[in-house]
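Only one structure is covered here, and it is reproduced in the block below.
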């Protein structure tokens, strides 16, 4: 079961490994690797990335943790019922599901009690995962539910302060940030696909530098914000004056329920608003609503209304409706990110990876929010001629 | 009335000078120059273009030709009634309207009879315009109605053949192409804002080279195609598989009536389809309709429906509705184009100007159809540090 | 100025007489009466109402009260700038504006102090208005801003209790309900065009019976709810199962600002939700948002998304976008309502008028929320053959 | 297998019995009868129809004809793949599919040769079907593809002329009309769910009278026109002036391909246009497009744009998008129609049944196109207190 040679397999350890996105990632990776599905939605399978030296999808090894215990195979069946996964796939990739199932551990749910031992336990899980599969590199991906941003805390300012605080009796970090801490400390690359904000804490950025590992984030750009980052530059570059940009998101599934919590929604909305503010030259009117509509299941509908002025003050409008399936939009991006971060590790990259801004609503290390320039940055980074930095 | 010093004024000679767009250009340029309206929609007024050495809007001198005789002042009042121009502007810029009115000549309507003398007469009009105002440079802009593309003709293959044919008894060029011929021959820059296709004729490109003048075109990108060129790269770069892209355009006004002619509509649709084909990696299903709906007046509504596949074949859709006023969208782009082509003339540029692709549905000299990279090409060209080519 | 014969003129006394709707009512009635505008939007000008014996629009006499003092003529100019009223109308109907201006009195703004004298003062204003113009009937219309619903109060249970309480030192009724009290007591018909809920108080219904006057209400149905009351029966009668009906309203103008107050919005949303609950056989998911977007001015955009199941559980959706001008939608309905209530007074009708449900989001005296049956009820009531009740 | 007592079973003989709609009808009827699916979309299962004496869905007996030979069970699997039928249903109702399969005969494809013998053969098929199952009544439903309207022909003017012509060597009737002829002559009720126009031929109406059977039609109202018939009365009854009503329909599946034939599309569009003309007081601008978009499969998307004027000429718009699955929308209506026509037969009704207008785009025998009054007519007809006509 354990490969004797390390070489080219890449470990993917998912926080929230039993969620809809994670299950779609595992099912989809196996399906793509087996030729059962084309790699639609996988950016790194575009011709532009052919010579980039990325680990093939079939060489990814999955594991992770979750606070629920529903088996992956059952989650896959639920995704079939929801129309996200084709009916015949779970059986066809049963071996891959079982392999990932064996590598999922119970997750830390709540920030409670002394956290240093928790971090050590997580690090041990990661080390075990790496050793069992003989993996040169492991990327940890945060796919847990949207959580409130960590509030201010003096221990966040430096790694030394954080380490001291974690040894104290009170919890310091929210769970997802504790995972980031453990992952970086264990020498793993880290991708934050949620709006958690963990990697904006100076102490964690310092830890990444100390550990010599790369990281990327914040909040996967899969729907309304994706479309906004394609459209907003049109108004800006054509000197059209956007007066108001309003949005309503209807979504069912677990994400809808999570975002019914105003604090979680605030975290999400902050990402969305920051994106729009960066894309347009002036502040604009308009609110963003996120409504839980269970009847929509895993589908999300977003309606955006843009009121803008043209020449001589003529008022015009644009509206769009986006009807997408979040799990199906997010999963291939997760595959892209782990492959790209794995390559960054192989190239010896350390710290924030700004060329991955393309994937995020609120990109770390980059002020570029326009989608196409983000793509060009990524494409350039991945071009075969670009030399690896010295080890 | 004629300025004594030439220097920095730039002549703008409009084919179709009494149309909605042309009237909005003249009214709007005067309003912006007088500080009566902000330069919304004027790309060249963005901060990125501050050091580009462009002629100020207030230094443009307007003239042109049209086959109708309705006075500009009356057209301006019609645009007030249509909600395109604010009620108080025509009176406020009455002097500018009168000045342009004096420089409008009857236009050549139909291709009939011997065309060499017609070309000579047009060239004489242009020379007179240049001399009366002491203009160093004149840019001719084609704002006439959408016309059918010129069919194949042996005389289009070379300048020599064309010159010979123009001397014959039969008409060779459609009117708008005759204007292009005359303009280039008279040493004017030429901008084709319609889908005429004139500058795709090898003979005319040869003439531009011989005359040492720059040109740009084809078919101003103001609405549905503008939005498509912003959105389509999102699908392509995210590896989402567009299955069908359908569009319906409802428009009143003169343009709607013109496009009720299937041959003119074919010309327009060819531009639109070419743009989409260039933007997406695979052919897609879907038609484009252009309906004349007089009740909409100068407003245009476009609805686009995009069916695409995501990961594992999940079907998703995006729709948008664009509600814009074409004259108000086109007019500031015309100002941008004449200022940019005037600057190109000052820099000694000759032939097709690919950096102006940003403005066109079917850009000449460029394969880049994505809006934001088009903007970046333009911005780079206009950067102050870029040296002028040697004279 | 005062007509010598009473007879056929009908008094219209507007609470909120300087608002956008009221100003549009006065301008529009004069324009229609003078033949300057067709009666588009006036239900009572449809052929079905030709023999209904309604007061001609030109025989309406306007007055009212408002807490602001901005002259009607100035308000009319603001509506011109907003695109609600054609530019030349205010001058053309200046006489009508001046006549209404003379009959506008300062309004009671806040519930403060002893209210019995306030009610007496209002009744005196109404009596004066009736006498000055020799009016047989006066209809009072509440067009004031949306206000919170009156909370529970023991004095609301009966007319006797209310009268006693009004004599006390504490205010009992919110201002708009005080106007209803005074109007009914003064023998005027009463139309509540806002979601005030005043006429749901038993004490006021008792007063209408005692005074022998008719009334109608609640909350004019002008946009999103109008469309819902046309569309929802389609789902119900076709046995399609609506799972979720979500709505977002974007509006500028004064109404948008008022509805930014959560208590006022709650009042509005209660009307909307009650309507949907009555129209569909089962409770549905979905929220309604009302966003203030000043950039939209007097225009309102509503987007509704309806998720429904068809046969064998197939999931389908319908969406609509409504882009309307509230003042222009409401004003002709106000003219309809006063003419119809005036006719009801002439026919001796007393108490709630259920046949006017057609006009309201939350109709008093009627469980019929479907638009077309509401119309049929109204049409039948207005048919010439229907005898007046005995005096 | 053949029931010994006739009594209460009702025969349903479908022209186009292997199509998507027919297959959904057979699968769905069995599923509803077995309690495997709720009767969503079945109007006759609403509480209003409880006492109407309709044949229970489980007592319907299915047969019919088709020009293709694909087994029903295979068609059902295709509908599963298309997302129209739940995955487990075809197996669960396998018996019902097999029973219907046994009663499907090859259909007449093209109008060729002498038609009298063809009509006799069809009548014999119907008689056999009736006898094998001991059915008191059989309803024939036309679910074949949209076909061009029959052109003018002298034989259509009277039954005598038609009979004479059918005996001649040339074909007279298009296939679907030949089925109507045979069905009526065989004493079957007839429902035309397509826009065939057969029952508008005087000869066939005469035949129905002679044979003493009822019929109903034309063109099931399932999507865009359904929504129009709910919405258009809103504009008409509110005296809003519709200026233009434009529509674009995108559809895949067989229907999309059929409607790519301009003559078939013309037939469909005529139904749609007639409906709108009846619903609005004035002619309106606007076109209707039907585009084949195979990527949409069995789903249909319609976008409608309505430009209307309000008070004082203010221009407003409404748009809607309908995303439905035609087979799932049509199938329950077919069940409704056969049950209602069966009941009409039991009540001795003869000729056109105007109370069924509710179901059709272009209803026979009725000028009422408004959806809700159509429903009220139907409900009244089905009320238990309404006596059956004398036998």
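Every chain is named by a letter (A, B, C and D) in the order it is written, and numbering of its residues begins at 1.
Keep this in mind: a contact is a pair of C-beta atoms (placed from the backbone, for glycine too) under 8 Å apart; a residue touches a chain by one contact, two chains touch by 3 or more.
If you want to know which protein each chain is, UniProt gives these names: A, B, C, D = Myo-inositol-1-phosphate synthase.
What you are looking at is a predicted structure, and each value in this text was computed from that prediction instead of being measured.
For the interfaces A-C and C-D, the C-beta contact count is higher for C-D.
Because chain A and chain B carry the same sequence, their contact can be compared by residue number, and over half of the numbers here are used by both. Between chain A and chain C the centroid-to-centroid distance comes to 51 Å (mean Cα coordinates, whole Å). Averaging C-alpha coordinates per chain places the centre of chain C 43 Å away from that of chain D. For chain C, residues that reach two or more other chains under the stated contact definition are 83, 317, 319, 321, 323. Judged by the touch criterion defined above, the protein chains are all mutually in contact, each touching every other. For chain C in complex with chain A, the residues that touch the partner chain are 243-244, 246, 248, 250, 285-287, 289, 291, 293-296, 301, 303, 305, 307, 317, 319, 321, 323. On chain C, the positions that touch chain B within their shared complex are 83, 87, 321. The touching residues of chain A, counted against chain B in their complex, run 24, 27-28, 31, 37-43, 45-46, 83-86, 89, 226-227, 230-231, 233-234, 237-241, 309-314, 316-325, 328-329, 331-332, 358, 370-373, 375-376.
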